[in-house]
Every structure is written in C-alpha cells, then in structure tokens.
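Below: a set of structures, written as structure tokens.
Both of the next two complexes hold chain A, though its partner changes from chain B to chain C.
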Partner chain A sequence: MNVADTQVTRIERSTIDRARKWARANLVNGTANTVLTLVSVTLAAYLIYTLTRFVFVGADWEVVDVNRRLIFLGRYPKEEQWRIWPPMWMVMGLGGLSYGMLSRGSLRDLAWLGAAVVFILAFLATTTNGLLFGGGVLVSIAAYGLGRLSIGRPLLRSKLRLVTIVGWFLVIPFAIILITGFGGVKPALWGGLLLNVLLAAIGIGVGLPLGILLALSRASSLPLLKGFATSIIEITRGGPLIAWLFIARFVLPAFIPDAFETDPIVNSMIVVSLFTGAYVAEIVRGGLQAVDRGQVEAADALGLGTFNVTVFIVLPQAIRAVIPALVSQMIALWKDTTLFAFLGFTDALSGGQAAYNQAAFKGSQIEVLVFVALLFWAVAFGMSRLSQRFERVLGIGVR
Partner chain B sequence: MLPANHGSATLDRFKEWGVRMKFSKYMLMLLALLAIGMIAAACSGDEDDDDGAASVAASDTLKTVLGRGNVIVGVKDSQPGFGNLQPDGTFAGQDVEYAHALAAALFGDKSKVEFVVASASTRFELLSAAEIDVLIRTTTWTSSRDIDLSSSFTATTFYDGQGIIVDASSAVQSITDLEGATICVTSGTTTEINLASRLAAAGVNHTALTLAGDAEILEAFAAGRCEAWTGDKGNLAGQRSSYPVEDGGPESLRVLPETLSKEPLGPVVRDGDTDWYDVVQWVVFGTMAADELGVNSGNVATMSSAPPSKDIANLLGVSFEGGEPTNFGASLGLSPTFMQAVIGQVGNYDEIYERTIAPIGLARAGSLNASWLDGGLIYSPPIK
Partner chain C sequence: MVTIRWGKDLTDLGLLWRRRRTRRIIIQIAIAVGVGLFVFYMADKARDLDDLGFDFLSGSGDFPLSTQWLTNYESNDTLLGAYGAGIFNTVRLVVIGIVLATALGVFAGIARLSTNWLVSRLATLYVETIRNTPLLIQIVIWYVVVFLQLPRVEDAIEYSGLFYLSVKGLALPSLTIDGSFGIWVILLVLGAVAAYVLQRWLHRKEEQEGGSKHTVAWAFLLFTVVAVVTYLLTGTPLEPDTPQVVITGANIYSVSGGIQVEPEFAAVLLGLVIYTGAFIAEIVRGGIQALPKGQTEAAAALGLSGYQRLTLIILPQALRIIIPPLTNQFLNLTKNSSLAVVIGYPEIIFVGNTMINKIGHAAPVYLMIFGTYLLLSLAISVGMNAFNRSVQLAGR
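Take a look at the complex of A and B:
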C-alpha cells in the first residue's frame, strides 16, 4: 500500500516535472516565443469562451430540436421509419465487432465511444428512438466484447473476420432492399443524413472496386482495354461532379429508353460511383507503380498466372500503399453528397436550410449550420480514425 | 550486357505477353459483351425514338399523369407562405396547396402528389426535361421565360411586386429618402435589375450589397451592413412577420409603400401541351370562381346536392333545376365533379390564401390579390 502510494506520487511528480520542463523548453524559451505563447493562449481562450458561450447561452437549439427529422431523414415518411432500424443495428453491431477486433483496448477509444453514445442518447432521450438506439448500443457493446474476446483466439478470430467482411458487404444492399422493397419508400423520398450516408456508401462500395478494375485495365498492355479505361477515367475526371450530376438528372433521361429509365437518384448513384471510380483508379495506379517490378517477375518465374500475381501479390501491396489517399477520396465524396441538394433532393444540409427558413425559426441559420457541420465532421473524423486504426493493424508506416 | 541478353529478354517479353493474353481473354469477352449490350440499348433506343420524341414534345402530359396515378410538382422548400418544408418532412404553402388541388382534380385524392424541390437555377431544366409535370414555385411570369424557355404560364395565383424594407426607426419613408444608402439584394434575380433601374429613374444614388439568399440578407441587415433590403413583397412580409424578437420583432421593420415591379406568380407548364395547360389553368380558375360564388370546403357538399345558382351548378358539374349539367370536367378529360373534390379537399382561393399567405402577414383585403369584386385582380373567366 505504502509502496504503491509513493509510486503514484513519484509518477505524478515526474509527470508534473516533465510538463514543467517541456513548457519551459517549448513555450517560454526566449522573449519572442513567450509573446507568441501568450498571444495564442489568449486567442484560444477567447475562441473557446465565445464558442462555449454560443453553444450554451447564445444559441437557441430549438430549431434543430424541432427539425431533427428533417435533418436526419428529410422527406422520408414517418410511418416507414421502422425500416431504418434493422440496418442501423446491423451497422452498429458490425461497427462494434470491427472496432473490438482492431482495437488494442485503449481507454481513449472507450472515452470517445462513451462520449458519442452519451451525446446521441441525450439527443434522442425523449423519444422511442432513444430506446431503439439504446438497443443498438447494447448490440454494439456486445459485439465489441466479442471482438475483443477474439484477440489471441485465431479460430474465433478467423470466423469473426468472415462474419465482419460478409456483413459489411451485405449491409448496404440489405438497407436498400428493406427501405425500398415490400411496399417501401421510393428513392425520391430518401432524405436527410440517411440520403448522404446511402449515397456515400454506394459511391464507395461501387466506386472502389470499379476504380481498382479501371486502374488494372489502364495498366494493362492490351491497347483496347487500356484505351477504354483511360478514356473513362479522363472523361469522368475532366468534368466537375456537379456537371455530371446535372447531366444524369436532366440530359441522360432523354437518351435512355423508357423501359430502362431509372429513378433520378439511381442515375445519380451511377454517376457518383463512376466519378469516385475514376479518382480511385488514378490513386490505385499510383500504388501499382510503387510495387517493385521484381516481385512480378519473381512470381512469373514461379509460374503463378497473371490473375494470381495481380490479386495476391500486386494489389494488396498497391492498395496498402495508398490507403491514406483513398480515405481522403472517400471523405471528399462524403462531403460531396451535399451537392445532390442541387438536383432537388433533401439531404441533411438542404433539410437544415429549409428548417431555418421556416417562419418560426428565422435568423437561426448559425445553429442549424453548426449542427449539420458537426454531423458531417463526426462521420468524416470517424472515417479518418478508422483508417488510421486499420493502417496500424496492417503495420503500415511501421516497417 | 544488352547484346548478350537480347534474345532472352525478347523471349521474356513475348512470354509475358502470352500470360497477359490469357488473362485478358476474359477481359476481351467482357468488353465484347459490354459493346453488344450498348449496341442493343442503342437499337432499342432507336425503335423508341418516334414514340419517345412524340410523348415528350406533344401534348400528352395529361395522359401520362393520369396513367402514372400521381402528379409530379416542382415546388420551393424554403419560402414561408408559398413553399416550405415543415419539421415533419411535408410541404406547406400556397404553391403546395395548388399542387394538392391539382391532385384532387385529377384523381379525387389530394394526396396523390410527388414533390420535387426545384431551385431557382434548376426549375426550368426540371420542367423541360419532363422531370416534373408542372412548376409551382413563386415563378414570375415574364415575356422571356414564356417565349424563350418554352414554357407556358397558366393563371396567376399571386400578384407580387418588389418592395423595400427598412428599419422602422429610420427616417426613410419612401424610396426618394434612400439617397446614398446601401441596399441588400439577392444575387442573380430580377430584383437586382429592378432596384437599379427604379432608383436610377428616381435619381437616387445607392450601393447594392449583393448576397446569396434571404438568410444571408437578414444576417447582413441585422449586422448593420445595409440600411434597407429589397425583395418581393410577399417574401418581405414573410421575413418581417417572423423577424426575430431579439432583433426587435416585426414592429421594428417597415415596408416602403412603393412597388418597384410587377411579379405575377403562378403555375408553369411546358409549351405545346394544351390539354394539360387547360387542366392546370382551370383548376386555378375554379378555386377563384368558387371564391367569387361563395362556395367553400364547408358548404360544397350541400351546394352540390342543391346548387343555388346556374353558375355554381356549372362549377360543381351538377345539373341546375333539372337541366343538363355542363361538360366542364368532361371536356378537360377529368371527372365531371372534379371541382367538388378540389374545393372539398383543398378549398377555394380565399381559404387557401387565409391558410398559407395571411399567416405570414400579408392581408388579402385591399391588396392586388383581393377578388375583382373587391377591387383586386383575382378574376376567373366565366364557367359555362
């Protein structure tokens, strides 16, 4: 007991000492740096003060509270809301499982997770949605535990890995089938953050494999294939996304025979997938070039076919090398989904804009925009963290 | 080095090419399949061309709409009183009510509407690409839009005009007092041009501060960056009635008496679509006629069973004192009693106005939107 106590004090003292030493070395060494430190601290304190004051005193969050539905679901009909929960639980369960499997169980992770859960629960507390979400949180925590359990148990781990990968592949088709099928909600009524998530998920889910295929085709020695891929990439990348969306919405329908005519949102999803594919293709091509030519030759010498060489030797290394750039592209896509508002869909941002234009909430655009920005930031930040974790697990940047 | 290895290097390259070829065979097949698919699609497109072109160009929107079972309407999502998304994800406003009125006329059920949010910059593209059947989005009827944009404006549902709003405590009483003032205006709209030409004509020097939208203008005005702001009076009234209490509330703003422009707003359809044009126009006129004749959602049922006048019988599609009913509905391709559904489910012009525009602070009495019987411009041609 006594020994432990002294240890704690020693650690504390050493921590404080170290902090003091660090501060002296980095913050107040010399007049110029001291002035800089003082100025930055004042500025930071002022910013934090005004922000806190705005959030807790100045802002009137009623506009967000009343318009939650509009921001999260847009014009999605209320009576069909149950369709969203099963895929949501699936995402939460898979998220917990993946996180548990990738995690090293640091307290910081739990703190982040806890903060997110508390925030969302506080937000939903008064409604049945709170209970439904709470159920999802339980599923998520259980899955996280299972994932943690698998560390050091290779058999369980390989099974769980299969479940996770298949699950992530199935979740978007499952969500779309459940939302659209069985007399469900047609795409024109998808809205709010749900629409942004679905668009981004499909853009990533289709765009990523498409991009890899395009990159491989462009790197191929077959002129026809190479030309085809190159022209798709260059044409798609040559125009701004908004122009392609415009074409998908207003021009394409005139050329597509009625029998093949799809919902405008489906057209837009095709466009966004193609667009993402083109960018991903160029990123992956960079990765392909980073793979040492000698490895291909070695594999060829061993008699592996081109397919095996590509899939098992070249691609894994190529993609590993470009994960940060790929994630960057995904985050850009996530934010680009707000462009769809231009085509007449009500996404999270345009739902929010409609909210602060309501007669009852004039002049409250700052609250709404801050809230919507926070939503987008949270997802983008989550993507970034997840990819960093993934990189660490793969050992990228370590070796 | 090079000469010695020359032979084997060529061989290597050849082998490599062979291996690639094997893999690429599948790719080639895939490509061929794709090409065949595209050609097939193109061919079937050709077959459809005559049909397709005809259905877009000619006057079949009515048939299309009736076949589809709902009407697709382009509306605004952010203007109180005209078209505004509500917290529950539904739309409200006068334009929206007319969309419901159309659905009631076409299908006897006002809920058979699909709304598309039309922005100021995409509304005419949506209409001409047949993505929407009718555009009801505070759209000003102008000669250039009517002629150049291949659209046809039906009956006007709201007569708006551009006005200027100032702080009530300021000394500005009319536009001549605005000498040297900075005036906020939305970019890229006709209001910007009207403001410049009207103030120039009045010999008033001013600075225009161009901003992206209403919310930004409010922000700038509250911050004192402009002394006045200009917009359609319908919009100004809405902004005024909901002006934040922290900033002084509605009482702290004053709309100047001058009207700088004429802004007749109403539903728009594609050119060359006369049957559809007639339907949209006469549904609007029907609500105005009902207002003139005193038919409303409360008394439409009794008036239908015992019409007090020939005019009311004509409107509601019933016989008057044993005579033949008019073929008002039937000649439009609708149910003979379609106006009963419109008035019963949505209401007459006055009911719609009181429900949507009056709450934003624009009284109907004494305005251009009063009935012609009260000195306004709302006037339905006779139904007979």
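Take a look at the complex of A and C:
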C-alpha cells in the first residue's frame, strides 16, 4: 500500500467519522430526537418517492409540451412575437449582472446559476425559439461574469451599478413601448405568463411612485391632504383585491365618462396599481417613521427647502429601510396576478386550464397546474433570494 | 412725492406665495375643490344609475346556494337571507382557518428552529415552497386535483361507518340534541365554575404551604365527574348521528346524517390554512430568534427540560413580538377567504356576484361587501389588540 492510498483512506475515514459524529449530535441525540428523526426520514422518503415517481413515471408532460404557447403567451399573435425578445434579453442581462454583482462567488452560487441555466436550456431546447433564448442565456452568463469582475474594482462597480439601476427602471417602459407601440399588440391580446409579468411590472411601476406620494401625503402636516391620503389608503386596504377587480368590472363602467373608451384589462390594471399603491404607502410610511428627526432638523439648518429635504434626505433613507418589505409586496403582487384568470383574461393559469380542458388531454389537470405553480414559484423564490442578498450587501438590519 | 413701484408690488405677491401659511391654505383649497368636484361627479352619475338604496334586499333572488349547513337558506328566501348565508360561510371559513393556521404555523415555526437537522430542513421546505406559490393555484389544485378526483358517493371511502369521503365531500359523525340538553348545559356551566373555584383555592393553598397541589388536574377531574354524572342524570341528552349512504332515486346516491363538509369548503380551508401557516411559521421563527440567547441558556441552567423551556420561557416572551404581525396574517386570511369565489364556495363575494347577475344593483352590493370585510377586520383587530395588551409587560 503506497502513501497516496493511505491518505485517501484516512480522508475517507475521517469524512465518515465526521458524518457519524454530526449525525450523532444532530439527529439521534436523545430518545425524542431519534423518534423525530425517524418520523422525518419516513416523511422525507415518502415525499421524494412520490415526487420522483410523479415526475418521471406517473405524469404525462405532453399536455404542457403541446400547450407551451398557450401557457406562456395566451392569445398573443405569433407574428408579433419578435417584440418580446429584446426586453427579455435585457431582463436576462440585467438579472445576470445584478446577481454577479451581489454574488459572493461561492460554489453554491455557481451551482444555483448552473442549475438554472441547464434547466432553462433543457426546457427550451425543443422549441423553435431555442436559439433566441440560448442567446439570452449567453448574455446573462456574460453579464454575470462582468458583475463578478467588478468585485474589488470600485470604479467599474460604480459604473455598473448605475447601468443596473437605470436599466431596471427603463426595462418596464421599454417592454411596454416595444410591445404596444409601432402598430404592436393591444393589451387585450396580451396573454399567458407574459400577461402576468406585464401586470406585475405595471402594478409595481405605477404603484411604487403612487405609494410614495400617498405616504408623503399621509405624513404631511396639512390636515386636508393627510385626511385625503389616509382615507384612500384605508379604504383601498379594506377589501380584498378580487373585490376591487369585480368592482372595476361591475361598478366602474357606469362612472366612466363616455368620452373615454376603456378596455376591461386597462381598467383592471388601474385597479391593481391603485391597490399596490395603497400597500406600498403603508410600507413607506413605516420607513418614514424610522428616519431620525435629527436628519430633518440638520437639513433644515443647512437651509434646504421642504422639497429638497424630502427628496434628498428623508426618502432615500426611508426607502432603504423598507426594501425587504417592498420586495415582499412585489412578490405578493406577482402571485396576485393569477386572480386575472377568473376575470376572463388568459393569463398563465387560465391558459393552463384551457389546456387541460382540451379533449385530447382529459385528466391531465395535475401536470398543468403543477407546471404553472412551478413557474410562479421560481420567479417568486428568485426574487426573495435576490432581495436577501441585496439586504446583506446594503447591510440592512445590521447595526 | 409718491412713486409707483411696480417692482415691489410684484415682489410682494411673490413673497406671499413664498410664505408657508399661504401655500398651505392654497394647496388645501385645491384639494377640497378637487375632491368636492369628484364627489359631485360621482353622485351625479350614481343618480342616473337609479339602483342605489337597499330596498331590493327584501325581494327574492330565486337562486339556490350549494352550501346549506346551518344556514337553511332556500331559493325563495329574501336576498338579505342569501347574503346572511354568505356572511355565515365567510365567518365559518375565517374562524376555523385562523385556529388551524395558527396551530400549523406555530408548529412549523418551532420545527424550523429545531436542532434536528432533518426536521428543520423539512419545515424550511414547507415554508419556502408554499409561501412562494400563488394561493389561488394552491386552492385550485386542492379542489381540482384532490377533491374532485375522489370516488363517487356509492364508492365512497369509508372508515368503520363513521367517516365517508367522496366527491361530495367528507361526512363526519355528529351529535343531535334532545329536550334536556339545555339543563345539562346549565349544569355543565355550574360544574366549570366549581372547578375554577377549586383551582383557585388549591392555588392559594399552594402559595401558602408550598409544594405542588396539582391544581389544574384536580379541577379537571372535578369538571369531568360533574359532566359525566349530570349527563347520565339528565338522560343522555346527546344522540350520536352517523352519516349513511342512501339511495334517493334510480342510481342516485347521497349521504345523509352527520356533518357534511363540502369539497369546496374543504379545498379552500386547506389552501388557506397551509398558505397562511407558512407565513405564521416565519413570524414565529422571527419572534423566537429575536429573544436573547441567554434566555434559553438560563432556562437550561435552571434544569428545565426542552419542552418546559419552550412553553414556560421562550413562547410567552416571543408572543409579545409575534402578536402584531400575527394580527396582520389573520387579516390577510380574512381577505384571502374571498378567493373561495373561484371554485364556487358561496361566501359573500360569490353571493354578491350572483345577486348582481340576477338583478343588478352592483354598487350597493359591493358597499355591503366592503362593510362586511370592514366589520370582520375590526373585530379581529380589536380582539387581537386586547390580547396584545394583556401579554405586554406591565409598567412599561
């Protein structure tokens, strides 16, 4: 037996030893814990068995494969599909860049990134758009590399940060202009997951500034302004979103002047934006309360006016403090866009329901619903992870 | 000699605008005028609608509701009766949902902090999966994939004649009451009072003499004895009522007797409880983690067991941090109960929409719906605030 062999066995033995020690300390210390472990092992084994069996044996994924278009795009016209790609590449590039800049460069990060890329590529390899999507993935990887490169290079980093922030702010208007403008697609024809994405984007894009305005109004010393903002916020938050969406459908049309020609989906978008605005307002109000009074007094002493104090001193600090809550609100909004399925719009969920109601795919509800749920889960989970990373980089909650 | 100084006058006007008070007054007048115009416009439009007022509620909508349990609503009842049934269905969902979601959430929150690696991983998996998936899809999955796939009534899954699970829902055994039930309840209340008095008396003795007197155990024993003896004395006022599959027509089967849990109710309840439970788990975990580590260590140093540490030291303190966000989750659950409308469970929005489809009057119906949610939210807030005050540290 040579030296290398001995070393390998020693390492193996020590790994096994360590595993055994770890198991003894964490899994089977004491009777109660051993029982818990046994129960958990049974449960975990059952879950893994059921899931694996379902995914690879029980489920017939053909319904999803055939109806991919219905789930992702709904009734969106095929010949206008090119309009979606540029904003999509932009999102993928920005996503990669942000992740690269926030990443700690650990193996686990790379593993997650690799898994995501492989998953997406495997999923899209069979579609006609595989090439276009693959290009986006390449852009994303390149942007991630650029972001990683900026760590330890302050000059590059500050430039990239500017690009990222401006990019994220521009991507929503860019997407909407490119999709609707220049003889494009009317909102009534938006569909599938695209509709969910655009609804969430518009909801937060309009709701965030609106919410900030409402929060500032509520914090105002003018009694009328304060009362007005407070009543709007509280009335809006008083009922569930679905009730407001039904109001937009049943009650609102009677109150809109005939001069305006309104589209049901545009009405619903306005309602979603107002609803988000009210919740954002309450979050930002919490942030405003967290700003030290001394900040305002110091700015006053420097001779700044009300506007300057608010925009340059108070708001940046207030919003920074509530970024986690704002991301939670964005995730909630993203999940709430599924409500549109029950108002007669073809979003990802109702597209999926249309898919499993086809005669050829009777009884395939579970495959479709699990797939749609997975789509929503992936985006929401990704957002929450990015936000946690962002908090750590910004040092929120660390004193 | 008088000179006209235009400049100064203009400056004065500018100065006037620069003064805070003037600006405040002008802005407020603008708001008042704007809101006034808006309200005037809406009122004007509303008058054209000619469907305001709540008189229509005394008429009949002539539509059935799928859920009958304890509501006894019939198609030819008034719309007010239909809406009342809707309120009852919402409240039933919310109350049971809150109780179960809290239990699940506390359990999962503690499990996430377990020192047992496997347990905490499983709890994390639960929280991260459920929290990031839309509730609506979860409810649809429970309904379409689970409850609608159950066997027909005649092939119902049966458990020793007590439980029947079928596509018509879950049938549970229940108890029916007879005449002497009221007397028994009064005796029960008296028994509870006696048990309480006994517990206080033992507790005082305990404080005077020291040592454990098992106060709760004795009180519980007394109450049980009173309950059993009076139950037999009043002639067993409760009769068990087990569900049975009956044939109501040619090849038409149904379940009668016992309590029927409709599949719609079960699907929404499961969805709400599992979803809200994941959020409550995070709140409980945060509340426990916010406590100084020294609390656990001190309790361990005193020789308390793991269970005692949790129930006597950790949870009572964490409760103070947990209650405000927990109240928020209860309010969310209340509002989320409206998602039941998508699978046709007759809660208030479903009943309201049915009314609007039948006879119109959308504006007043939605006023009622918002009023109902407002009252429910107020009730939860008031109750939880009172509870919150009772657990806060005194003298702060």
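Keep in mind that, in the parts below, the second predicted complex is superposed on the first by the 373 of 399 C-alpha atoms of A that agree within 3 Å, B and C clash if a C-alpha of one lies under 4 Å from a C-alpha of the other, contacts with A are read in each partner's own complex, and residues count from 1 in each chain.
By definition in this document, a residue touches a chain if its C-beta (ideal position, glycine included) is under 8 Å from a C-beta of that chain, and two chains touch if they have at least 3 such contacts.
The shown structure was predicted, so the numbers you read here are calculated from the model rather than taken from an experiment.
Participant: Does the chain A-based superposition show chain B and chain C clashing or fitting?
Facilitator: They clash: once the shared chain is superposed, the two partners overlap in space.
Participant: Could you look at A:Ala359 and tell me whether it touches chain B, chain C, both or neither (first, second, both, neither)?
Facilitator: First partner only, chain B.
Participant: Of the two partner chains, chain B (first) and chain C (second), which one does A:Thr338 touch, if any: first, second, both, or neither?
Facilitator: In the superposition, A:Thr338 contacts chain C only.
Participant: Per the contact definition in the header, classify A:Gly191: touching chain B only (first), chain C only (second), both, or neither.
Facilitator: It touches chain B, and chain C stays clear.
Participant: Figure out whether A:Ser350 sits in contact with chain B (first) or chain C (second), or with both, or with neither.
Facilitator: first
Participant: Taking the superposition on A as described, I'd like to know which of chain B and chain C A:Gly305 touches: first, second, both or neither.
Facilitator: first
Participant: Using the superposition on chain A described above, determine whether A:Phe250 touches chain B (first), chain C (second), both, or neither.
Facilitator: Both partners, chain B and chain C.
Participant: Could you say whether A:Pro77 touches chain B, chain C, both of them, or neither, answering first, second, both or neither?
Facilitator: Once the two structures are laid over each other on A, A:Pro77 reaches chain B alone.
Participant: Touch check for A:Leu224: first (chain B), second (chain C), both, or neither?
Facilitator: After superposing on A, A:Leu224 lies in contact with both chain B and chain C.
Participant: Which partner chains sit in contact with A:Gly238 here, chain B, chain C, both or neither? Use first/second/both/neither.
Facilitator: Only chain C; A:Gly238 stays clear of chain B.
Participant: Any idea which of 1-9, 217-225, 253-261 or 307-315 of chain B is the one running into chain C?
Facilitator: It is 217-225.
Participant: Show which residues of chain A both chain B and chain C reach, each in its own complex.
Facilitator: Touching chain B and chain C on chain A: residues 222, 224-225, 228, 246, 250-251, 254-255, 341-342, 365.
Participant: Applying the document's contact rule, which stretches of chain A touch chain C when the two form their complex?
Facilitator: Touching chain C: residues 26-27, 29, 32-33, 36-37, 40-41, 43-44, 222-225, 228, 235, 238-243, 246-247, 250-251, 254-255, 331, 335-336, 338-339, 341-342, 349, 365-366, 369-370, 372-373, 376-377, 380-381, 384 of chain A.
Participant: Can you list the residues on chain C that touch chain A in the complex?
Facilitator: 24, 27-28, 31-32, 35, 42, 45-46, 48-49, 114-119, 122, 128-129, 131-138, 140-141, 144-145, 306, 335-336, 338-339, 341-342, 349, 353, 356, 362-363, 366, 369-370, 373-374, 377
Participant: Within their complex, state which residues of chain B touch chain A.
Facilitator: Of all residues in chain B, those touching chain A are 15-17, 19-20, 22-24, 27-28, 31, 41, 44-45, 47-48, 51-52, 56, 74, 77-81, 84-90, 114-119, 121-122, 125-126, 129-131, 214-215, 218-219, 222, 238-239, 241-244, 246-247, 359-360.
Participant: Please name which positions on chain A make contact with chain B in the complex.
Facilitator: The touching residues are 66-70, 73-78, 188, 191, 217, 220-222, 224-225, 228, 246, 249-251, 253-260, 264, 300, 305-307, 310, 341-346, 350-351, 353-365.
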